[in-house]
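Quick heads-up: structures coming right below.
In what comes next, subunit A is part of two complexes: it sits with subunit B in the first one and with subunit C in the second one.
Let's look at the complex of A and B:
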């Protein structure tokens, strides 16, 4: 694997549109559930071990070559919120567009062709990782890190939280993220041998409910 | 029923079928040990069954399996007499509660048990698998209450998977209580709410006419799934307010 390719894919400035999303943090800030660095960390831990773990497992499975159509259906079944399904597909489409320009690969062309409205973002991410010559662990790390760095960066803007404090939160999450990446790779391998039902399905009720409310706000800083 | 040092194994099976004259018959009702079944008066074409907890539990180490099938032409409503309490066992082993529901074409199942209360020190894993034929109908409610009043909850894991005509349309797991994944009670998880629940509604007509997504500030949302189904999810401070929220959200779908 190429470590430099991993940095390109994981870079927050990679033009895949992720910066416009708060990962549910904007809704949680408005509801008064995130007020400082401590509650941000709790939010990120909850997200990391629920929807974050599911996304990372899907990404790892896609990087291992599990059929993207099966993974996309598994992602739908694990995302009850229609607002979150829509966001996942938009982000997936943008990621595939950026990845095709960066690492041209027939599997990316095929994915774009099969899902004109976009495949779920983790499925696109895993396929992009394959195209970049990266492995399931790289895909899982990218997915997990993006899943917590998005909310952390968003809360800096939403609450005026000190960026040093937000970055310290991410550093404190590192050991949990390492374990979650390992778990995601193992889940991806189980999906390869036993089918996508073997993927985790952990949910976070307030992320789902909050996403539905947020999608209907007339004015918001982030798209989700 | 078998009882061993490890705990109680019990199975319950309910089968309902259409009688060919617009009614529903219950040819097969089997309960044992801790779970008894009572036939109660149904409304119109519907047959009604109550699950009655004859012993306390599930306790640590117990393994209950409940299966219900609404065969062609049946309309079956299953409820429970009171809440189910997950209790700690003597050796702190995990308890299991497996629910298997099947609904055939031209049949409807209303699965409406009372809440499950996760008592301090308990450790319960619930799995619910629902298999529906393409034109089957379902209303399924599940409510989880974390601890009795003012009490810390036990550990509870609940996974719900729903298949319609061979496609998985919902796969969801909720884990809470001590030892569950970090952040389960944080701002992304339950944020201090002590009751969480959902109602799943499956109707073939949702395939062409899906319900509109909606949310309530108190903590509930109606979410059309990718398939002919809608899920109502709600969180609340207690069981009473949870039921009220679920009923309000459900009424918006009628």
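Let's look at the complex of A and C:
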């Protein structure tokens, strides 16, 4: 396992399309649920323990070698919003493209072949982690960190929030993120031994509803 | 690129000149430049000029709306299935330079869905003078400025003005009204660009987009040669 490879995959500048997405933050800002650093932190914590935990468990399971087709079906079942499914597949496709150019690997070729329009992003992330020689814990960390750093960056742009305050939010979330990564690895291992049903199925209804509404806005800064 | 047992998967190398089935892909030309300089109007005029002789498609990159795609659809310059809008998340230059994955997907999907294409025009969202396209996304790029944005822009230079394969100084019809010195703009642009070509155009004038269309035809002849 290479710590440097983990930094490459976790880098916010890794060219896999994330920059155009707010992780639900744009909808939450418009609804008045994120107004400052405190409410950004609450939003991120909520995300971390719901859809974030599910995504990280899927990523860990994929990194452990659980069949991507089964995981993709499990991800669909855990994503009620059609708009969010579409986004997850789009980002998965973009990630596979970037990862194939970065860490060429037959499993990534196979994933691109099986899902020409994209597998769910966490499944792609776990497979990319394998191709990069990384493990389930790395995949879980990347997934969780992306799940909170995306909204934090977006809120800097949407509200003009002080970027130092946004970064301090991420630092305060670190202990919770460490625990969530451990949980996700254990969930991934259960999925490997007992099948994908063993994955958590927590959800955040407001994220799902917000995503559906956001997808219909005629004017928006972020794609989701 | 890897030639494994999958011949129908997307290419691993985006800038590759061939599609997974071995045929040559469409020539991709990017149009960038400041907000309101006339990128969409130039794209629309190019579509009208070239659509009889070429199989064309357009990708737009709007910053926070779908105005450009909507304009092209309203003007019916191409059938709707040949126009795709990419969302750029407040950073138009990121989507054409630093992280081109969404745009690559859009051009590949157009080729798959409306099939064999000669040319794809990729319009950037209006941005600043440093915004240029990645070579991984386009084969050539046009930078569009206008006379109303200040006649010192060609002198100031910047990556767009200096390095684009073609510099277009648009809206020359407005020069008398905004007090821009066209001769100076042209001389400054040439001084900054060495051998690279410069076109002064007015889409309101009789020549319209003709010079740019001729340049596109030349690029296409070189691409398919």
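Here is the rule we go by: the second predicted complex is superposed on the first by the 224 of 224 C-alpha atoms of A that agree within 3 Å, B and C clash if a C-alpha of one lies under 4 Å from a C-alpha of the other, contacts with A are read in each partner's own complex, and residues count from 1 in each chain.
Quick note on the criterion: a residue touches a chain if its C-beta (ideal position, glycine included) is under 8 Å from a C-beta of that chain, and two chains touch if they have at least 3 such contacts.
What you see is a predicted model; the values in this text were computed from it and never measured.
**Q** Could you check whether subunit B and subunit C clash or fit when both are placed on subunit A?
**A** On the shared subunit A, the partners fit.
**Q** Does subunit B (first) or subunit C (second) touch A:15, or do both, or does neither?
**A** second
**Q** Which partner does A:209 reach: the first (subunit B), the second (subunit C), both, or neither?
**A** In the superposition, A:209 contacts subunit B only.
**Q** Tell me which partner A:43 touches in the superposition: subunit B (first), subunit C (second), both or neither.
**A** In the superposition, A:43 contacts subunit B only.
**Q** Touch test for A:106: subunit B only (first), subunit C only (second), both, or neither?
**A** second
**Q** For A:160, is the partner it touches subunit B (first), subunit C (second), both, or none of the two (neither)?
**A** Neither partner.
**Q** Using C-alpha centres in the superposed arrangement, which angle lies between subunit B and subunit C as seen from subunit A, in steps of 10 degrees?
**A** So the angle at the centre of subunit A is 120 degrees.
**Q** For subunit A, which side has the bigger count of touched residues, subunit B or subunit C?
**A** Higher number of touched subunit A residues: B.
**Q** Determine, under the contact definition given at the top, whether A:97 touches first (subunit B), second (subunit C), both, or neither.
**A** second
**Q** May I ask you to decide whether A:201 touches subunit B, subunit C, both, or neither, giving the answer as first, second, both or neither?
**A** first
**Q** Is A:221 touching the first partner subunit B, the second partner subunit C, both, or neither of them?
**A** In the superposition, A:221 touches subunit C alone.
**Q** To be precise, I mean the smallest distance between any C-alpha of subunit B and any C-alpha of subunit C in the superposed model; what is it in Å?
**A** Least C-alpha distance: 20 Å.
**Q** Do subunit B and subunit C land on any of the same subunit A residues, and which?
**A** Of subunit A, no residue contacts subunit B in one complex and subunit C in the other.
**Q** Which bits of subunit A are touching subunit B when the two form their complex?
**A** So the residues of subunit A in touch with subunit B come to 24, 28, 33-34, 39, 42-50, 53, 73-74, 76-78, 80-83, 85, 176, 197, 200-209, 212-213, 215-216.
**Q** With touch defined as at the start, can you tell me which subunit A residues reach subunit C in the complex?
**A** 13, 15-22, 90, 93-94, 97-98, 100-101, 104, 106, 109-110, 112-113, 116, 154, 157, 218-223
**Q** Sort out for me which residues of subunit B touch subunit A in the complex.
**A** 159, 161, 167-175, 181-184, 186-191, 196, 213-215, 217, 219-221, 223-226, 231, 233-235
**Q** Can you tell me which positions in subunit C touch subunit A when the two form their complex?
**A** 2, 4, 6, 8-10, 12-14, 63-66, 87-91, 94-95, 98-102, 104-105
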